[in-house]
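Below you'll find the structures, each written out as structure tokens.
Look for chain A in each of the two complexes below; its partner is chain B in the first and chain C in the second.
Moving on to the complex of A and B:
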């Protein structure tokens, strides 16, 4: 093993998926820095970061659900229509029946569960391909949106708007920053340190090689620097703004779903089904139940995303949700998921979604028209996946390749660090 | 095995927060906070080369394309920097929200908005206001926000009245006595103007319908029944196709109230497709294709709301704001956006039929050749 590799391994954790994540994050950083220069510093300005998070959090929430759908080997084209349908239902119950907003959110989620059960039933128990079921759903719920809303725009009350347009309140002493955002940043910072400390302790207990202290220091310092800067930036925006509530919802979902897909049997079953559904079924995975739950989960997240958008727009309109499915699917594939299913990570999809978001935002800040923005986004999607496919064929470092290794059928899943996977990527240089 | 939950926390946080540089704007903001939110800030004016943002809907109508070009050139001539943006064709609302946020970030002093959905922009308009920008609603009144400063548009109720009157005049010219059979079309229901046009037209047509002189063949007289989603030609054509099949297989159709030219042409296409005589069809916007159609005797009328004058008036408002003057308004009571009455400047529309088409466009370099 070369020295470079050794360093890479100890810095990024040695597991292939970490190296891959580094590659994705590197791409994101490169794009952010590029736009930071091209827009004379506007990209990382606090106002812009805050609007970036609140503009794209609903797409990223969709990407979480879409990742699981795609990993399970399906696709969901109906998310935009479901979001629009739930949005109009929620707006309507609040307007016509004066339902309090928190109850309306529960109603919205319940509608998501029902729609999800409907689609999951057809996909899992009848066996209609998800592409067809959700294509039907796309028409069905778009029509439902117009049927209920009469293609009208219905405003929502102030309280409801919090989930889409709200910020952490200003409390405590005047520090020149938003105190709750500072606290949130502190929490994340502590999590970074605790993570490294626990990792070291676990390796000690397992009597495995413990990386030198300075490696650990770098591994903690880099994220910490990022967290501190981000915190100050989000906390230091215009008074009354801070890290958006929708961003906090997204963050919580990312943590929960990342844990679920990596560390629980239920989560691993999704990968098993997507990798080889027959093999998974023979080894005791309840195929139908997994498919049902994956489709249902997507609908619930779509319902949530729809409500966040409605809250942010202060009204539910007939054009809500159009094209969202494509944004979510693009985020998942840029984030390294495989078209055939079985591969992909939540954090990869989030980074993929952020790449698109920063690209969109940066081009808008430069005053590039939406026609050209669409052309550029289309090319980026194609090139990002094509480059990875090409690298894989050439036997060089490949994002998808390094991602797939722990889950590949011929190589039994063994994501534990430093076991037998290294010879396969012996030629790979340090990512980026 | 390291603790992946905690690792996920960090990964999520990193991905979310992205990578940022450090600088606090809050301290800078609070020091200028005294003049940020108040109405006094308009009176102070701003730099003569300041950035002016213009956010327009998707390029679905030639009017918006023309308006964008006029804004780009007009603002440049007036010495401002301009950022003129159109919403994308599929994700219009989200695009426009993002574009307005980007303009605020870039520090635009005035943001002129031609809304795609007039009720879904209040969050962005409020953010713009809080950042010290003046917001002008262009052509479409932005609803449910205190933060909207001005509204500039043609008098749309008047447009509707003129359309209703033209429809009656046109039918009388063809057939001296009634009853006349008509169909009604209205615009997209997410556009505040649709109802205003329709109400204006109905203010003229309603007495005739009540007296039985005008009959709506399908009986569809409610705005919800007549609306055309997204102002899309295909939707109007589809509705007209169904009306022709359901109601006019034996009856004759004398006139159609159409709120704009794109829809008027779609309606005419549908009627032609069914092999019927073209009824009297109204319109609006003076699109070149419709002007040709009027000259050829197909579409009966259109409305000339010269985009040049509207853009000129908007830029005049920007200039006044720059100089620290209050912009001129001529209506301070008609346009209530749900939470406030927005001071408005209304321009007079002009009805154009085959009779006056030559004079009406004599000053228009693009349309004048079409009338020869």
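Moving on to the complex of A and C:
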């Protein structure tokens, strides 16, 4: 096994999906640095980072739900319309019935649950393909939005705007930075260290060979540098701005859903259904229930995303959420999910979404028109997935590995000893 | 035979994949008009060799040379080899289920002019070709409506439509029942008389011994020997010795059954077909299983063995009509797979790849997937316990993989089967139903699987083995039920079991069955 691969394995755990994530993170860092240079440092400037987060957090929230939908082998085209529908409902109840904003949020989530149950019912229990159900939903809820709002814009009150346009408040002594953001950064930093320490302990319990200390140090140091840098940037912005509330909502959701998809039986079931639904069923997985809940969860997250967007733009309108489904789907696929289901991670989708976000933002900072931005985004999506498909055909999984290929002489994979691997090996290069 | 002219010679073929030498210096000589068998364990390189020959791996991706009809051939793709009359029929049939027999026969080779198909010619030629392979069907019948045996014949007819000189069959009888297999073998002999040369790859050594003129044995990507079946007096044992490099004393491990009392009983089980409501896939079937007993289910393809087993396993096939299941004297009702698992049933499916495993998973995830609760606390999977459980099975079942993090696609058929077995052993079942547990796996791995089955029985579990290979059932089982059209037609003790008796019971309903 080559040096590079070995290092990569110890840094990222060595499984194929991790190797792909490595490629994605590498790409993200490269894009950020590229734009940092092209925009003369504007990209990583406080103000820009803050607006980047508040501008894209709702798309990333959608990407979380979409990842699970796609892993289960479905697709959801209705998220933008659901977001718009929930947005208008919430704005309407606050305007016409003076419902307090926190209650309005609960109402919005409840509407999401109902819509999700509706779509989940058709997908899971009737067996209509999700593509069709959500295409119908896309029309249905877009029309619903315009019906309820009379195709007009409805403003939302101040309190409600916090979830989309709010920031961590200024409290405590004057340090020149936003204190709560500093605290948040500290918490994240501690979490990074604790996570690595626990990972080492688990490896020890498995009596597997634990990576040397310096590997762990790198694994901790890189994220820590990013966290410290980000914390100072977010905390040191214009007074009155700091880390956006919507970013915190996103962060909490990422942590919860990453844990759910990776470490719980329920999460495993989603992957099992997407990987081989018949095998999952014969292993006792309740197929219909999984499909129902996945579709329902997506609608609830879409409702949340819609409300955050409405809060940020201070009003709900008939054009809200148009094209969001495509951004969310693109994020998930750039993040390495398989079109056929069964593969993909929350963190990958978030990185994929960030790649798109940074690209969008950077091009805008450079003054590139939205026409050319769309062309570039389209090509990036196509190339990212094409590269992945190509790598799979070659039996390789990571982008970085193909970059370093000329430097490696010896054979890559270590085949199972003895007569282990059989004709499948011979077949795979053709079958892809 | 040995004085017939050489049709094909493959000289020192070497083919490498990244990190693996699949073939090294392999030689193969096939004479015109013979049936040449290629035998070897899984991974020996048989399929790879045939892919080199048929141009799936084009010239330049391997080293060595192919002399065909006296000249060196460099095939760039499958079409090139087909133009020279070499046609390969793969184990997985390449037919389009929703198209008719005629359409499939001429797929990619349609008669007509300028892209417009001449259906009159096509249908007439299809009938001729079907007559040649002994297929009696309406040529307009859709592929999905005919059985696997007939589908195989369509594939062969398709080969003849291309004017075949050298026909290569990769495991042609793997999915066929005994009657269909016999028909196919007869057909090969018939072709031979008409001057068609065939290469047959098969795991079924009795078939090779029966039909082939000569045999080339591969092991670990090398040619071991080429034998003339008649002149060298080759029998099954001789082939096995060549394949594994040693004598297998017995194909079944020694075993003294420890049989207890009846603990599982199915009474008058009747199930309707999931789509056509007037068809019954199980009719009034009753059977019992005792503790520590290995019970066989023999029957021809389509007899309803799998359907019966799956309908018992939480009604995962068909529509339940009537019947009762008793376990330890208590009646149990199994409405779903999770009910069945909770009551200690396990069903290891016939088809590992399409319904037994999630091929995206690694070994450990697969092994614990049927009972995640055993390694979880309040729904959260404990990765350490998961790893330890999987590691335990990897060692005890001798799964050939460096770690349990390895993806299941990287394993051979036999090792995949061990993973599936582990997955179900992990659910602590009292009754295991194993559907074709050794299909498509090689001799050595079969022996190991038999050992595992016997150990499970010795732990006091009941094991049901469904198999199409009669010698396997006779060698392994303590008692054998025969199944015919969804009904149990016989209950035969190991001592009385012989292939002839079983075959009789499997093909016709004899007398009233015992209760």
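One rule holds in what follows: the second predicted complex is superposed on the first by the 388 of 432 C-alpha atoms of A that agree within 3 Å, B and C clash if a C-alpha of one lies under 4 Å from a C-alpha of the other, contacts with A are read in each partner's own complex, and residues count from 1 in each chain.
One rule holds for everything that comes next: contacts are C-beta pairs under 8 Å (C-beta built on N, C-alpha and C of every residue); 3 or more make two chains touch, one makes a residue touch a chain.
Small disclaimer: the values here were computed from a predicted structure and weren't measured.
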- Query: So, A:212: does it touch chain B (first), chain C (second), both, or neither?
  - Reply: neither
- Message: Which partner chains sit in contact with A:127 here, chain B, chain C, both or neither? Use first/second/both/neither.
- Response: neither
- Message: Applying the document's definition of touch, where does A:173 land relative to chain B and chain C: first, second, both, or neither?
- Response: neither
- Task: With the two complexes superposed on chain A, say which partner A:343 touches: chain B (first), chain C (second), both, or neither.
- Result: second
- Could you look at A:263 and tell me whether it touches chain B, chain C, both or neither (first, second, both, neither)? both
- Task: Quick one: classify A:315 as touching chain B (first), chain C (second), both or neither.
- Result: first
- Who does A:202 touch here: chain B (first), chain C (second), both, or neither? both
- Note on the structure: Between chain B and chain C, more residues of chain A are touched by B
- Task: Report for A:371: first if it touches chain B alone, second if chain C alone, otherwise both or neither.
- Result: first
- Going through chain A, the residues touched by chain B and also by chain C turn out to be 202, 263, 416
- Message: Quick check: in the complex, which residue numbers of chain B touch chain A?
- Response: 1-27, 29-30, 33, 58-59, 83, 85-95, 97-99, 101-102, 104-106, 116-123, 127, 130-131, 143-145, 188-190, 224, 227, 229-230, 338
- What does chain A use to touch chain C in their complex? 14-16, 202, 205-206, 208, 263-266, 268, 271-272, 275-276, 278-284, 286, 338, 342-343, 395, 411-430
- Which bits of chain A are touching chain B when the two form their complex? 13, 21, 25, 28-29, 32, 36, 42, 44-49, 51-53, 55, 146, 150-153, 155, 161, 164-165, 176-178, 188, 191-192, 194-195, 198-199, 202-203, 223, 226-240, 247, 250-251, 254-255, 258-259, 262-263, 309, 312-315, 317-320, 322-324, 327, 346-347, 350-351, 354, 358, 360-361, 364-365, 367, 369-371, 373-374, 416
- Which of the residues in chain C come into contact with chain A in the complex? 17-20, 22, 41-43, 45-48, 51, 56-57, 220, 313-314, 316, 336-338, 340-341, 347, 349, 354-362, 365, 369-373, 376, 379-381, 383-384, 387-388, 391, 400-403, 405-407, 409-415, 423, 442, 444
